[in-house]
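Could you have a look at this structure, given as structure tokens, before my questions?
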Amino acid sequence: MFRNNYDNDAVTFSPQGRIFQVEYAQEAVKQGSVVVGLVNKTHAVLVGLKRNAEELSSYQKKIIEIDSHMAIAIAGLASDARVLSNFMKQQSLGSKMTYGRPIPLDRIVSQIGDRAQTNTQHYGKRPYGVGLLVAGVDEAGPHLFEFQPSGLTQEMAACAIGARSQMARTYLERNLDKFDGCSRDELIQHGLSALKETLSQDKELTVDNTSVGVVGVTNGKKESFKLYEGQDTAALLEVLEQRESAGAEAESMEVDS
Amino acid sequence: MNHFPEAWGRPRNDVYGAYDHSYLQTTGPKAHTSSPAVTGTSVVGVKFNGGVAIATDNLASYGSLARFSDVKRLRTFGDKAIVGFGGDVSDMQYLDRLLASMDINENYSPRGNMLNAKNLHTYLAKVFYKRRSEFNPLWNHVLVAGFDGEGEPFLSSADLLGTTFSAPHLATGFGAHLAVPILRRKFPEGMPLEEISQEDAVQALKDCLKVLFYRDARSIDKYSIAVVTKDGIDLKEDEQIQGQSWAFAERIKGYGAQTV
Amino acid sequence: MTSIGTGYDLSNSVFSPDGRNFQVEYAVKAVENGGTAIGIRCKDGVVLAVEKIVTSKLLKAGANKRIASVDRHVGIVSAGLVPDGRHFVSRARDEASSWRSTYKGPIPTSALANRLGGYVQAYTLYSSVRPFGITAIVGGWDSEAELPVDGQVGTGPKSGSGGKVEGAKAGGPGLYMIEPSGLYWGYYGAATGKGRQTAKAELEKLDLSAGNLSLVDGVKEAARIIYVAHEDSKDKDFELEMTWISSVDGPTKGRHEEVPKELFDEAEKAAKQSMVGDDEEEEEKTQGEQMEE
């Protein structure tokens, strides 16, 4: 039944010093539909590809607002993500209540990291089967963090997790140096372009399956998190299409106008 | 005395009557601090153009006894906030340790997310309110000085009940009665902050401390004064009230050893 | 390996017939794959350094710190599973804070190492947990100056009973390394992670027990040693991270801090240059190519 004797639980090291249960949990993240995050000096953007179980069912939410200054995008077990997002909402609210301060991003990210780590060291628990991208703004500016089931959290310039996310990461790596000079809208477009890279031949981005979230600072003023879903994404997708066709005409991958 | 050990050292029942155990009641309501023991008196603070100035004297009184004369009642938090404590000194020490542990925790995060004075005031007021709601108050009245999230000068008070109050100039304890009128005269209502210089603010505090030393019997002429600006905190803890004149005392009649 | 297939290696806290706890040994394997971490105890302070392998171009450069502060005067760096390292640091911070609430002062580095050693050891005792997949280096400076007790508001008597002892000195630098078994020793120079053998060989050349190495030179040696140790995994990019702790009279005023940029850059540049010098087979490289390596 098992691949070997060392993958029954998260409290057993393999002879190589690996913890297979944690590695398998990372696989669950790859089963989830893709989400992309990117950040520059003024904004942090999350975009996600929503899936529906069947034609007539609703789409699974991919981006969850935690507070007005922060949101997460999820890939993997959505119910695990809900546990984590509820915890994050509580912590964020707690910080506003006791200090009157929006919780700093690195704080809340290391808190969920610590929680996830506990699940990998104690018998009877299992690692979370979800990966998160945490985007938000605090006193130190916009941030993007990646959270993994192992409890590893890393601050990223850009990131993509979920099914076929490698294509998006390749796009992000290739365009990484452009993000800092980007406007808010251009950054969103880069996110959508990265997301589009992951689609298989027969799929495309539509108002039904696309989610976009933005948070940032403009001229020193914090801009609350805004989520675009459904018809709100129509305008964004239209711009994407224009840029792509303009790009195709110029026979170039680059779509900066 | 008889041979029963439990009776040794007890007054003899046959002489004094049976011991009345009701005097040793351990049941009944649990009592917490219901009055302060060693106390500091007034704290005075003034906002000015670009910062806040705050001052206290260096005395801790035990009742009417001037018990400790080198007590630092201004405590810094990070490099942009300061708390001035009036009231119970041991509760102040407790809060100081609390602030120290918060400061250590804050510094675990990378720079740029330090709690500002406004955050600190919000927190301290919650601590006071929680403790008074448990009928175990921290017997202090504090002023918090520094900057708010927008970088504007911040000055606000919180007391043992969790009451908060904010104004361009504030004073606690005896100072609330004696210093505030002086400050209101110097800086009338509606006077824009831009017109108050740092020198004016510091001078006003010194004047207040002098009057307080004249009239507050729980005060002393050694004081601490701090100025918080964007550049950081300038804290002086060993100052002496200058230019005292007790001539006015001659005119005060009706107490003490005076015979006329 | 003799451990595999015997069944004695499937659960923590189980001894094999020859008296070994294989799960702990496997945890050590996790450490041996991690980036190299070192600590140097100099005469006037402690330096910590770590080689951070850059796993992705998308990581925000310089943002993901691996050396953590505990209280104000201690630094911890670990090699192995990064989330385990964070757990360890979080426990260290709790210990430091509980020490403060009991004793009203900073925890001595030796006491912290002792408590953490006990904590890590506890994770080898039960089948319901796994050992820590890290080896941690704990460096600190115990103040030799007389510190005010936390919450102290006055100065107290200047002499006589309860007064100050003139010229009394205590404290100094401390460096400890804690292994997955909970075992810990004090060190003059400590190294763990993938390049530990190379790093140890370099540390031994420094004759640290003589106590002559200054803190600033220690920083430069630390940078160089991380670069030398990185030779084993040359194909991978890495970031160098360094922190230091000096006495109250020194550059960090008794605090654990990042090495300032100026000194850091100088140390890293010298380290890179020494690598070019060492490697005579390779053609001389320009600074730019070195950066991309």
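Details
Order of writing sets the labels: A, B and C. Residues in every chain begin at 1.
The definition used in the following text is that a residue touches a chain if its C-beta (ideal position, glycine included) is under 8 Å from a C-beta of that chain, and two chains touch if they have at least 3 such contacts.
For clarity, every value in this text was computed on a predicted model and none was experimentally measured.
Chain pair with the most C-beta contact pairs: A-C.
The central chain here, found by comparing per-chain C-alpha centres with the mean of all protein C-alpha atoms, is C. Note on chain placement: the centre of chain A and the centre of chain C lie 32 Å apart, centres being C-alpha means.
With each centre defined as the average position of its C-alpha atoms, the distance from chain B to chain C rounds to 42 Å. Chain B has its Cα centroid 48 Å from the Cα centroid of chain A.
Shared contact sites, meaning residues of chain B that touch two or more other chains, fall at 110.
For chain A in complex with chain C, the touching residues are 5-6, 10-19, 39, 110, 113-114, 116-118, 120-124, 144, 150-152, 154-159, 169, 172-173, 176.
Contact residues of chain B toward chain A in the complex are 109-116, 118-120, 122-123, 126, 149.
On the chain A side of its complex with chain B, the touching residues are 97-101, 104, 106-107, 138-141. Those residues of chain C that touch chain B in the complex are listed here as 65, 68-69, 71-72, 93, 96-97, 100-101, 104, 150-155.
Chain C contributes residues 1, 3-4, 9-12, 22-23, 26-33, 56-61, 63-64, 81-84, 86-87, 90, 123, 127-131, 133 to its touches with chain A in the complex.
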